[in-house]
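Below, subunit A partners subunit B and then partners subunit C, in two separate complexes.
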Partner chain A sequence: MGVFWAAVVVAAQGQQPPDILVSRQLAEAEGLGVGDVVDLATSAAGANARPFRIAGIYEPTPDPMQLGQVPREVRMHLPDLLSLTRGPDTPAGTEHVDSINIALTDPRDADAFARDLASRMPGVSARSTSNPSFDGNPFVVLERFHLAIAIVTIVAATVFLLALTIMLVDERRETVGVLRLIGLPVHRILGQIFFEGVLIAGVGALFGLVLALGSERLINEFFQWRYNTALIFVRITPEVAATCVAIAVPLGAVATVAASWALLRRGALRLARR
Partner chain B sequence: MRALAFAWRSLVRQPARATLGILGVAAVGALLFDMLLLSQGLVRSMRDLLERQDFDVRVTATEALPGTGPVIDDAVAVVATIKALPSVREAVAFRIEDLSIDRAGRRRVRGFLQGVGRGAVQPWTLLRGGNPQGPRELVLDEDGAREAGVAVGSSITIRASCSAERDALPPVTFRVSGIAAFPFDGPDDVTAATTDDGLATACGEREAGMADMILVTAAGDPAAAAADIAAARPDLRAFTNEQMIGRIEQGGFTYFRQISTVLTTVTVSFALLLITVLLTVSVNQRLGEIAALRALGFSRARVVADVFSESVLIVGIGGALSLPLGFALAEGLDRILKRMPGIPEPLHFFVFQPEALAVHATLLVVTAVAAALYPMRIVARLPIAATLRDEVIS
Partner chain C sequence: MIVQATNVSRVFPMPAGPVTAVHDLTLTIAQGEHTAIRGPSGCGKSTLLHMLGCVDAPTSGTLLFDGQDIAALSDRERSLLRLNHIGFVFQRFFLLPMLTAAENVELPQSEAGVERETRRRRSRELLDYVGLGPRADHRPSQLSGGEMQRVAIARALANRPRLLLADEPTGELDEATGQQIAALLDRVNADGTALVIVTHDHALAERATRVLTMKDGRIERETRR
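Then we have the complex of A and B:
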């Protein structure tokens, strides 16, 4: 149902009109403020318009399903809405509503309640509000998409990392050869390289996290501005940070050891170019 | 020996690092290619889908997208007014409601029921049987026919859930006149279509009176038809396919374009940084060798060209490999995104466009040039005597 609002009446006269709340986006777009009185009608022509007083401006609850649609919304008491939208042939009290929010004694009964309702009242469907992990949920799908992108990025980064570590290890071939010649066993050198890899990967992961935290605000501010919403698009949670470190550090260390292993299998004299 | 051949030999001499460098570029290039396909893919796919139908103009009650805004009242009169316009060849009312199909002893099948006014053009492709002729006939998609276990000529009992009627409606029996493919059908959706009177019957209405939109086929220029409709019915909104795409673009579709822009930027920066590091480390390891070549008579421009050729070879081969990889990856990513509810089967998020290939090639060329700049500078400024001396001493 569309409710159309008409000209703003600056001052209320006579009986105080009912209160409404106006979304921030609508208020900004139309220059509305608290205390203004507006006429609302259910048709674009403005027939049967009724005055309402703006009691407050509210920030709509961010709804990812409505991304891109600027919420030009008004909230009013249900009796006021029914009175505004009721047809001339509809007796008061027989109007319909779009949905009913139900709080269950035990939220775990949501699915059973939905099934029970569907069998008792064909045509009425009930859905749990706390079960977002079903297969077709857009956000579960988007999460999978981002995960796939992340995996490709990790593969590309690993390949580059291996190429770089091979070169870096090769650069230290003579040093490794000398260490071998003075008696250091392979596992000792490998251990040193491993800890070096862990250190470098750790510092790199921390740098990456700092970069991500810095860009988090930028990305959120950009998209919030772009879509005029309070939705949060990027959130670096401790779990996300821990996952990044848990992938990056072992990956870096393993790449260093893998690159070094081929080198250490060669003879000490050959490494030292003697 | 030419610079390119010389650079090739340098790469072949160190196959592990060359292979890894090329594979890295291929993986990054594939991601870059996919992001370019994604940036316009959905919009292009939607445009194809709209243009594949025989309707050029869509008329709605408000600016809201069809199905999300108020309905058009008195649709029969509106269709008659639009049909009378000389710039219009055909106009049909279109309304969609929820549907459930009763199955004996099994769970109901849920889907959509379309009510379409009679006209020469229908918004579906008939696969078998015929179009619905009366208010108790319908066409059903393949999924619906399979789920309900019906064929052409069978009877089917459906229950509509209509926006204008909040009470639970009684079941209505229809005859399946045909099996059809619906362009906006999702992979798991069940869609049926009947006449506007048929939908009114299912909704318990006396006659067909409302429509979500009016589908119009223009006699000539769609923009002229849209303008004529807007002039004839200023209370309604008429949009050509192009304008409809614009409205859709303003909605959630831009999300993928923004994401693709961000990821393209990140991917190119990532590739640039890594190839620069790869080449720089590689050049630093060969400073003595390069100084020796200069001492033997290789010009400064020539050694710079060698480094540049190496970058071109790594990025070029990696870039070429990235295309088949990118197509394969796009296929997988498309499959993931198409799990979203309400996405029509023929709609794709990743759509190949020659422009994307051109941008991909341009970005890789820019990356190859930019990545080679710093190592080329090192080589160009290399002091021959001092480097050779250091090499001998070390």
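Then we have the complex of A and C:
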């Protein structure tokens, strides 16, 4: 249905008008409550306004495509909408519709439904909103962009981590040299360092997850307040957490061992004598 | 015989050309022997000591420790040999700063698989032996130079080595403390451990029963008492 403009006016109590639902944002902006009667019109001048009763206030389903546009919306029964928007010279039943959303009982049927609809009604385009994987979808592009940022971040972090572990290991070169002189074999020292690396990387990954979970709440609360929406901006799912740990722990351990191996290749005396 | 070196040389490759630190040297170290190695800086004393201690391997010649050819041993085997049969004392002590004196002494025993109670008891005995029983729980930063060297000696003796190697053990100590360390090393030797000391300290060298004077990678003179 095309965009319609709604002029909202609190009307006097009278004959029971049709029910509508009002978005939370509109209700807050106009000070509306359940039971109020308002006049709605399709023009800013308020011509042909009709009264409606607010039967409820709803939280609109967040739409990332409309981020920044505060959803001041009204939902009404389709006959009421057609009646309100139909021009005086438009016969009933000839209204024009651009797009409609259809809720399926089983969302997994979306693709099959879209194919079926396309075959029955050539020219009608139907696609799933839950799995918008077509290349032009802005969120698919955004996700690829995020993936690229993640890869660059991981590569940069790996270089940083390696440099850091080389410095940390180098600080312990005298200790390692003494252990070698005492008679600890290389593999024994490497094993110890590997264990430490896994432990530190594990603790670091857990710290990162705790930080991310704390940040998740702060970021969501800030942007939900900023854009007056229930949209979730950041979500740390178990899969995300598992991926982080699966990358961080082996990476930390490998970086530690690689740095240590470079050190342990030197002679014990060179290590002990700075 | 603990160590038998035959025509041993050690050549270090350098950008300006190879440098021969030890040249065609033949030497034996017997059980319970007290040997001092003297000589000017750069004459190959420390290199020889490191080869005797299986830290370094000769580039030519044969070096046997307890009849085993050092060059034929893997890094792991040489490490185990050092752990179980050789003790090291260095000029700079090389104690692990995060461990207490007792823990430093326990470390080699722990690596040798000695059970906890036994190694604790032995650590206390060794610290008593070097006169540091009351300082067992002190960290190296809380000890003086002489005390740290005594802990280092106790650590070197932890696994009852047959050979104790000391590289300038009094080099960083004042004269009085140096004499105390020298007396302690004499006692270690008198208790049956073969001792090889590399030193510039004439007084320390004179306490040995055998003094080797090196020059240009060779033994120039050998004196026995």
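As a convention for this text, the second predicted complex is superposed on the first by the 226 of 274 C-alpha atoms of A that agree within 3 Å, B and C clash if a C-alpha of one lies under 4 Å from a C-alpha of the other, contacts with A are read in each partner's own complex, and residues count from 1 in each chain.
The criterion applied here is as follows: contacts are C-beta pairs under 8 Å (C-beta built on N, C-alpha and C of every residue); 3 or more make two chains touch, one makes a residue touch a chain.
The model shown is predicted, which means the values in this text are computed figures rather than measured ones.
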item: First, second, both or neither for A:Pro185, with subunit B first and subunit C second; value: second
item: First (subunit B), second (subunit C), both or neither touched by A:Thr175; value: second
item: Subunit B versus subunit C as contact partner of A:Phe195, first or second or both or neither; value: neither
item: Subunit B versus subunit C as contact partner of A:Val124, first or second or both or neither; value: first
item: Partner chain(s) touched by A:Ile166 [first = subunit B, second = subunit C, both, neither]; value: first
item: Which of subunit B and subunit C A:Gly267 touches, first, second, both or neither; value: second
item: First (subunit B), second (subunit C), both or neither touched by A:Ile219; value: first
item: More subunit A residues in contact [subunit B versus subunit C]; value: B
item: Contacts of A:Phe145 with subunit B and subunit C, given as first, second, both or neither; value: first
item: Complex interface listing, subunit A residues touching subunit B; value: 1-2, 44-45, 67-69, 96, 121-124, 135-138, 141-142, 144-145, 148-149, 152-153, 155-157, 159-160, 162-164, 166-168, 170-171, 219, 223, 226
item: Footprint of subunit A on subunit B - complex, ascending; value: 16-17, 20-21, 23-24, 27-28, 30-31, 61-62, 64, 69-70, 100, 159, 161, 166-169, 188, 235, 250-255, 258, 262-263, 267, 270, 274, 277-278, 281-282, 284-285, 329, 332-333, 336-337, 339-341
item: Subunit A residues within the subunit C interface of the complex; value: 174-175, 177-188, 267-269, 272-273
item: Subunit A-touching residues of subunit C, taken from the complex the two chains share; value: 50, 55-56, 75-76, 79-84, 86, 88, 90, 92, 94-96, 107-108, 111, 155
